[in-house]
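There are two complexes below, and they share subunit A, which is joined by subunit B in the first and by subunit C in the second.
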Partner chain A sequence: MKVAIPGLRGGLVPLVIVVVLVVLPILGVPRAWLLYLFLFFVYLAMANMWNLLAGYSGLISLCQPAFIGLAGYTLVIITWNGLPFYLGIIAGAIIAAAFALLISIPVFRLRGIYFAIGTLVVPEALRIVFFLWRPVGGALHGGGAGYMVKGLAGISMSGFYWMALAIGITSIFLMRVILRSRLGLGLAAIRDNDNTAASSGVDVFRLKLYSFVIGAFVTGIAGAIFYIYQGYIEPVSTFTIRWTMILILSTVIGGIGIEEGPIVGTVIVVILHFLLARYAGLSLLIQGIILVGIMLLAPQGIMGFIRKARASRSPVTVSH
Partner chain B sequence: MEAPILSVVGVTKRFGGLVAVNDLSFDVRAGDILGLMGPNGAGKSTLLNIIGGEYKPDSGIVKFKGHDIAGLSPHKICHLGIARTYQIPRPFTNLTALQNTMVAAIFGRGLEKSAAESEATKVLDITELSEKKEVVAKDLAALTLKRLELARALATKPALVMIDEVAAGLIEAEIPKILDILKEINKMGISIILVEHVMRVMMEAVDRIIVMDNGVKIAEGTPKEIMEDRKVIEAYFG
Partner chain C sequence: MTALGNLATPLVMGVLLGGLYGLIALGLSLVFGVMRLINVAHGDLVILGTYFAYFAFTILGIDPILSLFIGMPLLFALGFAIQKYLMSRSFGISMEVPLIIAFGISLIIQNVNQIIWTPLSRGLTTSYALESFVVGGVRIPLAYLLDFIAALIVMLLLSQFLRRTYLGKAIVAASQDTRAAQLMGINTARIYALTFGIAMATAAVAGVFLGITFPFTPISGIAFLIIAFGVIIIGGLGSMLGTFIGGIVLGLAQTLGGYFLGAAAQMLIAYIIVLVVLAIRPQGIFGR
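Right after this comes the complex of A and B.
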């Protein structure tokens, strides 16, 4: 597992980048920039987790909006009870992880594409649940069963940005740690051959469950941070495949199963959102075309393409 | 006499109308090398898959060190001390030989990463793979992969290892090397079930042979007895 971006290995370059990113709001950059960077880091954390699931654990999870939405609604419940928003983030992540544990009982019986289909219906079901269920009282907002998030007075755009930055950077760091740990080695073994892994003592079910729960937890944090920024949540725009689309696009464009893939992919997705912002109707169509194009032309995404180009330039030593 | 390390009693496995293994019984004593022979389709691989936990038998008992293991999941059976190699090597293709072996040492044996690395290095030495340590499995030659299968099995620290056709495809000159490795493994106190078509390996390495045909045990005895058994000759040539 080689790191393709040389700067990520040495400590200095990433440190400088992180410092610059941290002080960016103080330097007085335009609010719009901060907003796009905010989205970048929120999506990055989620995409990294989707890469952990789909790219490293063989779990094509299409229920990430469930974790995002549950964390968002937990945030609402916590803040409506007068508790601080940061407790909402933590509780949201815990609820998302607990929910992952719960749905693993049925969906982990399914494999491959059936797992994907099984998870696809979960956010749909939750959308209906939250359409009908009013977890806390208060007036209805908007057309659906929406809520305002309370207790956010005094948080500026810089504050939202810093939270997103924190989870985005943490998710990169977490991926590095996981992929170099026992869990990472076990997942790599399962990815190559799950039968051999099992007969070598790997508890395939448990390792995949670890990934699923970790993925839900971090996705939950990122989701809660998103709803802190948005300040408002309602079921239709929350439990939506739009989230899944963003995560798949970020991971696949950058390179699925490649550590740096989501970083590169998320940059492109955010740029696309910026460019396509005024063509709302066409946006999803264009993203879909890009996704199909990437899968046909460079199935390993941009980072995979770069790696291949590098490998073909340097002579390959094949040993027998 | 000491209780056998593995005892298979009346095991039957059906696939639809086909009875792949039919009321089969045998024992493996601690330290034994048991040969398993039979024409293609005799049920040898099915039997290994039952013992290894990939298939659950329809009936019968599989007892290993006193535990009833029939139907346990493969990783649990591995933890109890049974390892296996596959006839067609199934390595972790994107991992190096060392990492392949470390997976087994970490998850099969429960070692920490650094301990697993030194254990894996030792096992790769036994299977004469030290030079290939850092080579990614997909770049290894097919015959080298057979030894990697052995290395991975050994790294789980098994009490019993099931070896499925390790000598198939080897040239005559390479066979003594495999025989040495098998003896080395056996000397470590590991019992072996050896599935093999290469008769020379069977004759030289094995204490006892079981012959299967159509899912049934048709003969059991020393290599010499088996060679002279009429039923065996019929199964192979009749």
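Right after this comes the complex of A and C.
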């Protein structure tokens, strides 16, 4: 395996792309474009974290909406108490990470598919909790128990966009760092053979817990940024399996367990949203069909397919 | 005395409701027991059965329970096809692939239901669905009693089928040891497809009685998937009696939760029980 030093390999091209993305709003790009890029970076951050969990840590987590929603509600509580929104983002991420730690007590006793179902229960339970519990008083908004996010006056679309860009780029960088750190190497060992890894001194439980908590933290930040843009939050559309769907689809189309996978997959998911925006129900139906199709025909996704094609063409096979 | 009298109603209703929950969980348990697949589309397949009965009832004018004569073969065929054409190919790839495919199927069914039937809440409001009768001062809705009877019949039939017929014994053999079953000349791929089909036929029955008891929407499937999963977790796998008891525990949790904490919290109690049991005994209270 060739070891690449993070940030150095082909360092100039990504830098140019990032600079162009940063100055995009100043160049007067249409608002709709910024919106799609905003969604791209929010989804990308979440999908990268799902890839870390499902692709690298063997944790098929179906409770990501819980982290997104808890961060969103924390944001609401912070802003309703007159504190600035950026504190809400940080507090939201911390609450999401703390919650991940809390639910790890029951769900980390489960393996594989049991873990998936155990985590599926969590957002469903939280949806009811936030129907019943009104953390701050005030007027109802949306489907029953919704809240406006306060203190957002003066943030423009460019502001939302820059926040999303920051977390999106950070998540890519974070994945590079994690996968090349001791944590990443330990996870790779666990993925290849968890018994061997455990007997070689890798603390399987602790490493999985680290990636679960990191995943919740970053997903929480991205979730809070999403609700800053949306401006309101309510339980039904927050603790929904649709979030999970977006993350799974983005990761799986691009290639699960492949670092570039979520980037490619998220581009396609956002384009799909854009194309199918007018047909809400049909859009999810088509996404479901794509999901089944990809899993059967190319379980390694687009990037996996490209890698395989390259490997078979070049004389020296680069094994991963 | 009146407090006790009041408590009797949720107790009786919880036990009867437990029958329905056991019935819903039966198909999930069967598929898991034989193929080691947690079919996350199970709840949506049950709801699909409910919508078929709704279609037969409102458009064709057929009684929901009688419509099972068409509904059960239809869902059997669907289950057979899902296993044969989708799941069987995925088992060899990795452990996650069948799960993600089931997730995709779940979304497809949800959204097909949503497109055909709109997200409105509906119910199988037959003449008998709304009736109730009084036993010993406790008013019991007839639908709850029907749930319980249907669950008893299906469980009895299924356990006799697994114990006495050749096909049933082959299914049990395949669930115990796939390799050994293959060596004994059992076509396990075919057994898997038949098992999925049978599981879906029980889901059709569950769907009809669910529709008679509760209002439903295209996304109700997830809630019932979690309940069914909870039933398996509490009752353990492979035990018909365990499934039945698991159903009753969750039924009681829901009715007593509703009694003490209000109707909105009743599902929450059931979910919390699932998480607590997972934390204490992931293999289930009656599991080995």
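Convention: the second predicted complex is superposed on the first by the 307 of 320 C-alpha atoms of A that agree within 3 Å, B and C clash if a C-alpha of one lies under 4 Å from a C-alpha of the other, contacts with A are read in each partner's own complex, and residues count from 1 in each chain.
Assume contacts are C-beta pairs under 8 Å (C-beta built on N, C-alpha and C of every residue); 3 or more make two chains touch, one makes a residue touch a chain.
Since the structure is predicted, the reported quantities are computational estimates derived from the model, not experimental observations.
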item: Side-by-side fit of subunit B and subunit C on subunit A, or clash; value: fit
item: Partner chain(s) touched by A:L21 [first = subunit B, second = subunit C, both, neither]; value: neither
item: Once both complexes are placed on the shared chain, angle at subunit A toward subunit B and subunit C, C-alpha, multiple of 10 degrees; value: 80
item: First (subunit B), second (subunit C), both or neither touched by A:V202; value: first
item: Partner chain(s) touched by A:M148 [first = subunit B, second = subunit C, both, neither]; value: neither
item: First (subunit B), second (subunit C), both or neither touched by A:I77; value: neither
item: Subunit B versus subunit C as contact partner of A:I105, first or second or both or neither; value: second
item: Subunit A residues touched - subunit C or subunit B, whichever exceeds; value: C
item: Partner chain in contact with A:A116 - subunit B first, subunit C second, else both or neither; value: second
item: Partner chain(s) touched by A:I128 [first = subunit B, second = subunit C, both, neither]; value: second
item: Which superposed partner A:G281 touches (first subunit B, second subunit C, both, neither); value: second
item: Shortest span in Å between Cα atoms of subunit B and of subunit C, once chain A is used as the common reference; value: 11
item: Set intersection of subunit A contacts, subunit C complex versus subunit B complex; value: none
item: Contacting residues of subunit B [partner subunit A, same complex]; value: 52-54, 73-75, 77-79, 83-84, 86, 90-95, 99-100, 102-104, 106-110, 113, 132, 135, 137, 139-141, 144, 152, 155-156
item: Subunit A - residues contacting subunit C, complex; value: 54, 60, 103, 105-107, 109-110, 112-114, 116-118, 120-122, 124-125, 128-129, 131-132, 241, 244-245, 248, 252, 256, 281-282, 284-285, 287-289, 291-292, 295-296, 299
item: List of subunit C residues in touch with subunit A within their complex; value: 36-38, 40, 86, 89-90, 93-97, 99-101, 103-108, 110-112, 114-115, 222-223, 225-226, 229, 264-265, 267-268, 271-272, 274-276, 278-279, 282
item: Partner subunit B, residues of subunit A touching it in the complex; value: 182, 185-186, 188-189, 191-193, 195-204, 318-320
